Amino acid sequence: MTEKASIHKQLDWKKAKVIVAGVDIGAVNSKALILLDGQPYASSHVKTLIPKESAFGTINAISDKTGLKLENIHSIVATGIGRSQVPFAEKTVSEIACAAAGAVNIWGPSVRTVLDLGGQSCKIIHCTDRGRVNDFLWNDKCAAGLGRSMESFADLVQKDIDEIGNIALQSEELLRLSDFCSVFALSEVLDSKINRVPEEQVIAGYHHAVAMRISTLVARIGLKTDLVIIGGLARNPAIIKWLEEILGVRRLAPKPAWDSTLTVALGAAMFADSFHRRR
Amino acid sequence: MAYTLKVWSDFKNYQTKCYRDYLSRASGGLRCMGSTWSVLAPLKGLGHDVHLIGGEPHAASTAGTLPEEGRKNIMAAESAGLGFHSCSYLKLFVGEVVRDKMSITDGTVHDGYPRPDLIWTTHLCNLHSKWYQEVSRILGGVPLFPIDVIGGGAAEQDPKIVDYVSDQMEEGIGWLERVTGRQFNDELFIRAARNEIKVLVLWGNVCALNMHSPAPLDERRFIALFPPAMVDRTTDEAAKLYEDLLAEVQHMVDTGQSVIPNQDYRIAYFGLAHTYGHPEIGRTLKNAGAEIVASVYTFGTAGNFKGFDKDRKWSWEGIDPSWVGDLDLSTRRKALTELAKIVLAWPTWQGVRSYWALEEMSKAMAAQFKADGFLLAPTRSCETDFRNGYIALQRIFKDRLPTIEYDTETVDVRKMDIPGSKRKTELFVDLMKAHKNKKGGV
Amino acid sequence: MKKVKIQAGLDAGHINTKAVIMNGREVMGYGNAPTGFDIVGAAQSALNNAMENTGVSLEDLEGVVATGIFKDIIDSPSLKVTGTVPEFKSGAKGALFLNRDSRTIIDIGGNVHKAVSYDQNGDLLDVVQNDKCADGLGIYYTTMAKALGLNEQGLTKLALKSTKKLSVAIQCGLSAETDAIDLMCQGEEIADVAAAVLRYIAERVADMSTYLSLTKEVVVAGGIARSQVIIKHISELLNQDISVIEPPEYVGAIGAVISEEEE
Amino acid sequence: MEKNAGKIIEKFRHITENPHEYAKALKDKGHLLAGYMCTHVPEEILYAAGFVPIRILSAHESQAMTRSYIHETYCSFSHDCAYQGLQKNYGYLDMITHASSCIHMAEAFNVWVRFAGYEEKSYLITYPHIIHTKHAGDIMVKSFIQFKEFVEKFEGKSITDEEIEKAIKVYNKTRRLLKKLWESLKADKPPISGADVATVSLAAQVMEKQEFNKMLEELIQELKAEPHRVFSGVRLMVTGGACDDLRIFDLLEDLNYDTNLIFVDSCTAARYFWFEVPEDSDDKLKAIAMGHISRIPCPSKDTVPGSGEKKRFRVLQGYIEEFKPDGVVMLYQRFCSPQSMDIMALKPILKNLGIPWTELELDTTVPRIQFGTQLEALIETINRVEP
């Protein structure tokens, strides 16, 4: 199971009064985040295979590096699609509420819309300056799996998932592909080879189609600024570029101190913190 | 040598004139919106200055003349919340209301959506009835009167349905008077009624002439020639247009001329316009001399034929136009009853609720138009008979005639299966060749 | 005595390009390569692969017959393409050559699937191809194997251990995938999820084949046909025993050579 | 000892989950069974002729074999109902009927008639698509007369007015009892769970009505004496299309937060029985038609002539006032066209009433986790949850 963990060297969990954790089991990746007295201490990323195993995987990745064990953590909240498979979680909170809380914590109280581009689903969340959700929209079934389909697309064109966005940005022109669903788009990508369409135009075209589909979903619930974009696809520069272009709104830039894919796990950790304090 | 129709430009100008008059509210008249699948003549009882716009022909011609504009309208409708699987004609039309713009057949885009005074429409499929409900809602409540036509096989021979439709139209006339504050003029209404029935009968005759070999017209021409019968078939000009067209096509038949001289393979077509018309797919058919000579969409959306006889056998032969002149339309009720019957007799209404009617019509089309192949193009997210029952039709035709089915869409190219349709069209041509060689013993 | 002629068949499909080298009507050896985006390159390496496996050099080849979706694209001189054959014809000819009693071939390709019925000479009777929502069965098969941390054969082995019948949505690969992941997150056994995934593929293929009047022997081709779970389920749905042609991936390439050879 | 109410509910649930077992038992007792697809069928006519009307429902197991009969973007409820016919799972039905409503269910009915051997044992009732008008009533009467003639010819026995009146009274009793059961959910702490009430309503559509009335009367008595399950949580109201999947109703009350399912506006629940047929009128079929006109309109039958308004929303706002939901769950079949248009118009109304909502796209399968997350996010929105 491929995993990676990053630790805040200056902090020492043995000295912390309150240790809480947020565990976000996503469709494609699972993440965990540890807070020591509200300070981010350790985080881990693990590829999701069997949700239960990935849950333990996120904690083990951290304990291997820090010695921090499950029993040392005062309160754990699980979220994400696999949250019911985290036996050691005290409570679960939806990834919608966690995304809003985490986003406002990272980007500040001006955030009003959080666009979560997860592996399997895409959610648009309206929230208050205190990170409370007041409205949200889940993608319809035909727009499912936009994140995972990007991985299938990368395999089809034999490119690495982390570079595919940059390749897309290099192409001025783009092949117009169906922005209705990924099955149609992927099938048209294959058939585009008949007309010998240059590869970067196909790659740019696919990114544009995904961005169009997401922007239609955003428009259905409305976009209130400031906008924050999180989730796996948020790391793809071409998706961000076209989303900002189509929506006519620039998102808040990612904070250097924060990996945006940890936003939901942070929200869960914040809930764990407040549950612990209220105990 | 391919024949070019003389009446071509008259048809284009007529449709654009209707739009212009509607937009400019020519002579201070009334703007009436609605489905062109409803009876239109009652609206003309309100005066000489009544201008119509119909959802379906407007969406179809916008997609044809301004595809990019059509695409933006569809996206705007989806962004406003219309279902991703709703009919694309509907989304294109409502998208214009959302964007506050309207495209015209002469390629211009008019800023500011012209608000209709009233909506007179029909309940054909669930989307039809709701299409204009949505327009009325977005525009803050335009008065709307829906006629529930129900439809179904041989409905025109079912007195309870004919009376039901006539009763509603009779009540609708009272509503029209209340909403417009105008006095209903029966003389104008009956004149419009006769024109409406005449145009529908004339169009049926034009289509029936394609039974001949060589067939004078093809689907591409039918697509361009039937919109006026949709937009406003109640005027004297419309009746004249179709009389001239019938005369010219009759002349083509008498002299053996055709717009498509090379017709090695005659195709019967159940589906909407837009995929077979795609350049790549159209070229495959043209290179093989395969032409669509009969189609339920262009024939049956606003056209009448002999239709069902007593024992429910269907015929695509035209009705003798002189029958229209002898029709007794002396009272409002009689005119409404004849109008109800003529609309209920449309092939498209027949197939909506009755699979047996769809089967009879398709078998008759294959036989009477001497088809070499049957092309089925169910329209994604369309509710009427442009999808209902098509899939199962393959089971009926499989052993009789080369038959293929592929996914198309009214106007939304995103949901069309261009690569798949191209492959299936190439296969279709091969199957027709193989079938003809085997049959011909070559 | 017919002069013995060494030819190659190249089946350039959406996902994989398959090559076969034949001496007259006798198969000498195979080669393949993922199609990717460089179609000519993929055809070249598939052919090179086959040449290496058979020791036949380019000069020995009297001709290369192309078939598959990209048959008209692989026209570079270095491939010496001498003719092309439509996919449904090469499928029928190849199936008949490998199994004399067969009259219908179900070909599950990487992206599209089709069924072809033919007479005793391999001449076309009828063909049906899948609808767009059912595109990408091959892509879905690979994606789901990867999502469960396995390869394709591993997915089938795992599915054999299934004990509980689960359902995934059936409209398209995307819906089936969404439901499969939801089932895993509900804590369902991964073997049962794998079985539901394979059932989805079998149902889509079987459903399409019901258009043809399946009388005589039905055979299945395409890489996915190696999954005996899918084959078993297709034959249950069609209540017709069906057999997998050996080797299932190369029926098209072989059929291309046979069609040209019979001309 | 398990409380009596619980036992009756368990019995209802068993019948709803094993409708074939129950129907075959009726058949063995000599009953004639008539299947119907949509609830616009005048069941009283069938009941008066001695038939037990049984609604054809889906089996919640996904299959693709109907994709070569019906277009793939038809709702999976129509696909599954069609599949039941092809699989002969309802082989015990003597006859099937359907009143034309949405086009997806029309296709499901057509598959039974054309390909599942019901050509001679079926009847399509011509039914209006705008139901709240006088003209709709007129054509319904004429249609019902023709349907009655078909049933009489099919059975070789005439149907008397007395038999129809008896049927009307039995069915009205079912409607009153169901309404009373649902109205018990208005309480802050309802005596019974919404999921159980939804199960009982679904059972009504597959059971012999007099037997059903007896069981439901007993249940209502038991509940008065001893509430079955009492708690007060976030009140959720469902509005949408047909939903015959009990797993959905169970999920609505099996979340990480306490919830009460307090109302379901769909044809598998309230729209089926929230009306009555006038009793003891001299024209029985006209009375049935008057009852049908007063129903909560199905989305495929809802355009008020003159304004184009959707009458269902007016009725829905009435239920919102009576049942006081905290949130609304829009439940509709994927690909359903009438629903997708209604939802657009319903959202602004809910916004004005300040009631949050979420949409669940129904399919053969229930993605419990995704739906659970959406519902919990809705509750977190209602409960104004923040860290």
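Details
In order of appearance the chains are A, B, C and D, and numbering begins at 1 in each one.
By definition in this document, contacts are C-beta pairs under 8 Å (C-beta built on N, C-alpha and C of every residue); 3 or more make two chains touch, one makes a residue touch a chain.
Worth saying up front: this structure is predicted, and the values here are computed from it rather than measured.
If you take chain A and chain C together, the chains in touch with both are B, D.
Summed over C-beta pairs in contact, the chain pair with the top total is B-D. Chain A and chain D have CA centres that are 40 Å apart.
Look at where the CA atoms of chain B average out and do the same for chain D: the two points lie 36 Å apart.
Averaged C-alpha coordinates put the centre of chain C at 45 Å from the centre of chain D. Taking each chain's centre as the mean of its C-alpha atoms, chain A lies 48 Å from chain B. The set of chain C residues that touch two or more partner chains comprises 69, 112, 131-133, 135, 169, 175, 178, 182, 185-186, 211.
Annotation for chain A: residues 81-82, 84, 121, 140-142, 184, 187, 191, 194 touch two or more other chains. Shown for chain B are the residues in touch with two or more other chains, namely 80-81, 84-85, 394-395, 417, 420.
The touch graph of the protein chains shown is complete. By the touch rule above, chain C contacts chain A in their complex via residues 14-15, 34-37, 39, 69-70, 72-73, 111-112, 132-133, 135-136, 139, 142-143, 147-149, 169, 172-175, 177-178, 181-182, 184-187, 190. Contact residues on chain A toward chain D in their complex (touch as defined above): 81-82, 84, 91-97, 101, 121, 128, 130-136, 138, 140-141, 267, 270-271, 273-274. Partner chain C is touched in their complex by these residues of chain D: 60-68, 72-73, 76, 334, 363-365, 367-370. Chain C meets chain B in the complex at residues 69, 86, 88, 112, 123-124, 126-127, 129-133, 135, 211-213.
On the chain D side of its complex with chain A, the touching residues are 256, 334, 356, 358-359, 361, 363, 369-370, 372-374, 376-377, 380-381, 384-387.
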